[in-house]
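Shared between the two complexes below is chain A, which has chain B as its partner in the first and chain C in the second.
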Partner chain A sequence: MIKLFIRYINLMVITIFALVLLSFMLPFFFPGDLLTNISGITPQSLEQRQALEKAFALNESIFVQFQVYLSNFFAGDWGVSSVSQLNLYDEIAYAFPATLELMLYALFVATFVGIPVGFLSGLKHHNPADMGVVTFSIVGYSFPVFWLALVFITLFCLQLEWLPMSGRIDLLFEVKHITGFVFIDIILSDLNNTKEAIENAFRHAILPTLSISIVTTCLFIRFTRRSIMDVMQKGYIIAAKSRGFTQWQIFIKHSFKNALIPILPILALQISTLVTNAMIVETIFSWPGIGNWLIQAIYQQDYPAIRAGMLVVALFVLTLTITLEFITRAIDPTKDETARAAV
Partner chain B sequence: MQRFDLYQEEYHASPLENVWIEFKRSHLAVVGLIFIIIFLLITVLVPIVAPYNPDLQNTNALLLPPAWEASGSVSHLLGTDALGRDVFSRLLYGIRVTLGSSLFIVFVAMIIGVGVGALAGLLRGVRSSIVNHLFDSIMSIPTLLIAIIVVAIMGTGLYNSMFAITLALIPQFIHQTRSFVKEELSKDYVLLDKLDGAGSVRIFFTSILPGMFELIVIQATIALSIAILDISALGFLSLGAQNPTIELGQMLSQSLNAAYVAPWLIALPGLVIFMMVLSVNIVGEGLRSALRNRFKH
Partner chain C sequence: MALLDIKNLTLYLDGPGETIKALEKVTFTLQEGEIKALVGESGSGKTLVVKAIIGALPEHWRVKADRLTYKGQDLLKMNYEQRRQIMRREIAVVFQEPTSSLDPSVKLGEQIQESIPDEFVTKKWFWERNKQRKEIATGLLHKVGIREHDRWMNSYPYQLPADVSQKIMIAMALASEPRILIADDSTRGMESTTKTQVLKLLLKLNKTKNLSILFVSHDLLAITTIADTITVLYCGQTVESGKVKSLLKRPLHPYTKALLDSVPSFQSALKTKSPLTALSGTIPSLQHLPAGCRLGPRCPNARKKCVQVPIMRSIQGHNYSCHYPLHLPKAGKKDPTDDKFGEQDPIKFNLINPALEEDSADD
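This part shows the complex of A and B:
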């Protein structure tokens, strides 16, 4: 177990190092002035240019530059955006929780709808209801996310006028930015109309969540269904049946846990799809998240912002994936302990 | 499969025929296959099929609704867009670009992925783990992020977005190939090859690759549906195909200005993307269950 842990820590450190190295190299490939790409500041005079070059050690060897980059990175000094001249660390700290929030809603829906439905339809497979679920899930994960979001907008916002179209909450509510999660912020910011604010934020969250979670839910349904069907054919299930256990007892005691094990690593792989979808949906619903922010950055060719944003999102996804993989390996006794760690 | 042959007229279907027999049993899968064939025909024959030049502007009929609406006209079956261009012709050309580039991407990713995957599977020790780590980490980086980096370095455009998506698809093939090769290497028929003195290259091409065909095809259908979705998503975010290239996602994003007056301009391109992805997924699903069940009968 400790050996396993060390192996995964090792993997994590190497991958993080590779990512940081990549983000260090990016400004050299971006078009334009290297100094502006790194610092985000366009020097107005020779003195300023020399000062900046000194700060980023551009005249030193590449190793010193990397060292400076590393120390800046860990000190939270990620430079400024070349368009707005705002501190990137603060900008990302503002935008990232919003994305995380959206992803959590989608994951919540997908887990608590997708997995139970998958179990039910896998246990009762080949009856009409199961066929319906299978058809629905194939249709569901074929939707282009951006189109689905637009269809929802035309239907629920423009035609029926049930739900708001953009943003996280109406501007009427003066919610302070404390944690970045809108519901927690509402409670913390001590408004006199907390109840209305929560209701408003909830109405704003429905459509983006729905657009992302339909695809993820359908994938969850399919994996769970397949997995439970495989487990139910195993010898130990037949043995349990022959000893006279009821269907329910078999499910709770034997098949439930065994079916979950193969699902976990597949779910880990879905994180990157989820992030991509969340980023696309954010731009459509003007959700103030990191995806929206990054795409604005690319429209404005804001290279320092692209570098920092890319690094944060990639680090987040990789850390989550490796952690999930480690958990899977740790709780699964059948896996070969000597096998190499993999993302 | 060798069997005892008592009667001359007894016929044993080859594994591939078995797959087809099993595939035909699912009507839905056959319908999906027909749709894919139609889409492929459109891709190839579009200059003949399309009723209008996709860039031709009919200034007398701007934002004409589809023919089934009261103010529609039969001369423009699916109406016209804000510049008076025929939507039906544009959709057909859009299918050509979206599907054609997706097929190309999948093909390239497949060749590279299988090659590197085989290498990773056959290699041992440090080199193998470097290759594995490198591609495993790329695999978990979201496609959109790779696309953003590629666009930032090389600029927007259809070819750059294709490059980004290829990069994102390759690791899936590598992963599948590597684990398959690793598994097969421990089997007896490979041992037999080794005893005959075959090198690892020969083992891969003559023994392992023929058995891997189906795995690759299934992975390719998955990759194709991902590629179609990603190409159109990048087109939609205007990071991919740019004007005058007609791409379905890009068509959609350009119709957003007229969304209030002409909702069909949003509905139709999205519907076509959805139909393409759905038919690819249905065929992939049918193929998978056919391969699973082909020796049951």
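This part shows the complex of A and C:
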């Protein structure tokens, strides 16, 4: 187990190094002044330019520059935005939790709807309800996320006027930014109308969550259904039936775990897709997350911001993927180091 | 009354355009305390019979039978719960491939303990119960001849050698102290020492616990050592059944004879390097089943009448299903419906097994 852990940590460190190296190289490819691209500050005088060059070690060799970049990066000094001149670290720390929040809602829906529905429809496969689920999952999976979001806005916000169209919460509520997660912030903010604020935030969250989670839920349904159908035909399930165990006992003890083990890594990989989708949907719903923020940065050709934002998203997806892979690998008992060697 | 009574068990498989009879009129009984062997080559439907008995066939396969009873209770008319109760306590199965019949993600100890019925655990508190379960499981493993119980109980199925997992399967089957043990090809691919151990174990259980065993196999040597009676299947049809002794001595059906002839050990007169006998051709696939007696195209003395399914006849408890049984040549000739086809010289067939004839002369 420790060996396995070290192996995954090693993988992570090397990939992070490669990512950081890539992000270090980016300003050299961007158009415009290298110094502005790196620092985000357009020098107004020669002294300022020289001071900046000295700070980023631009006159030294490339290795020294990289070293300076690394130490700045890990110190949390990610430069400033070339447009707003705000500290990028603070900006990202402000925007990122919102994305994470949206992603978690969608993941929650996908897990607690997709997996149970997948199990049910796989266990009762080939009956009309199952066919309905399969049809729904194919249709749902085929929707482009941004289109679905626009349809939801047209339908529920503009036509029916049931739900709010943009943002995380109405501006009336003075929610302070503490953790970045809106519900926690509402509770921590100590408002006099906490209940209304929570309800309002919830109504805001419904449409973005739905438009992201439908695709992922359908995917979860399809994987789970397929997997449980395969497992139910396995010899050990027939053997368990022949031993006269109850259906429930067989499901809990034998099919559930065995059906989840092969699909967990696949499901975990979907989280990166979820992040991407969340970023797209944020733009449409003006959700104050990193996706929205990055798109703004791209519009304004804010190169330091693009660099930092991309690096953060990439690091997040990477950490998540490797951690989940490690967990799924660690709980799978059939992949033990001590396999019996055939003599 | 027979413990397990199967009469005319037919298994329909609805394919595109046609319905295939995967099993056709399989008939046999299993008496209390009997070891019955179900013989047939691969594809003859042995495993299907087992699955029909335990109810593990896919839902769209239709099972029909005049009788499929356990202690007089009709298994086909039972609801799921009743059948589950019988499977829980009365009938146990040891499956063909032991490693795939064990859950790969659960430790073996847990799986064995799971198959112990709750009634056997008499202690009150859960820690005592767990301990008792473990003791029972250990006892079971000792019973089937596994000494390193701790080691195997803490391992996962993929860590087991094949013979140990076969023994563990038997231990799990015995956990509920069943009346019938169905052993589906339990000795396949085992080396002879392990095989002997397993056979000895089965025989011992049969003697001491009066356990009825349905021993499904194609290993004729193993069968003749332990079984009391034999039922031969060919391609989903019951071909012949009877006491092992009488079947070995006087096989009435050409297929049984061919099956016995194919085992050199039964032929003591066989000289070194003399050609071995075997039926030509292979067992037909389910899509291309011949009409009537399914041995027809491969049978050395098939005639026109063989396109009809022969009815099961019985001579002193020895049942056969053939229009032209061996050793009883006259029965065929007397039949007035026999046609000109028979006048053409039927293919010469060694009617009497010389080895067995010699044996009987010694008697």
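The rule is simple: the second predicted complex is superposed on the first by the 335 of 343 C-alpha atoms of A that agree within 3 Å, B and C clash if a C-alpha of one lies under 4 Å from a C-alpha of the other, contacts with A are read in each partner's own complex, and residues count from 1 in each chain.
Going forward, a residue touches a chain if its C-beta (ideal position, glycine included) is under 8 Å from a C-beta of that chain, and two chains touch if they have at least 3 such contacts.
In this text, all values refer to a predicted model and were calculated from it rather than measured experimentally.
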Which superposed partner A:P116 touches (first chain B, second chain C, both, neither): neither
First, second, both or neither for A:G235, with chain B first and chain C second: second
Partner chain in contact with A:G32 - chain B first, chain C second, else both or neither: neither
Which superposed partner A:R243 touches (first chain B, second chain C, both, neither): second
Touched partner set for A:I261, first chain B, second chain C, both or neither: second
First, second, both or neither for A:G167, with chain B first and chain C second: neither
Which of chain B and chain C A:G76 touches, first, second, both or neither: neither
Which partner reaches more residues of chain A (counting touched residues only), chain B or chain C: B
First, second, both or neither for A:L318, with chain B first and chain C second: first
Intersection of the chain A residues that touch chain B with those that touch chain C: 340
Interface residues, chain A side, partner chain C - complex: 234-236, 238-246, 249, 253-254, 257-258, 261, 332-334, 336, 338-340
Complex contact set, residues of chain A against chain B: 11, 14-15, 18-19, 26, 29-31, 138-139, 141-147, 150-151, 154, 158, 268-269, 271-273, 275-276, 279-280, 283, 291, 294-295, 298-299, 301, 303, 306, 310, 313-314, 317-318, 321, 340, 342-343
Touching residues (chain side chain B, partner chain A) in the complex: 129, 132-134, 136-137, 139-145, 148-149, 151-153, 155, 225, 229, 232-233, 236-239, 249, 252, 256, 259-260, 263, 266-267, 269-271, 273-274, 277-278, 281-282, 285
Chain C - residues contacting chain A, complex: 51, 54-56, 84-89, 91-93, 95, 97, 100-107, 114-115, 155-156, 158-161, 172, 176
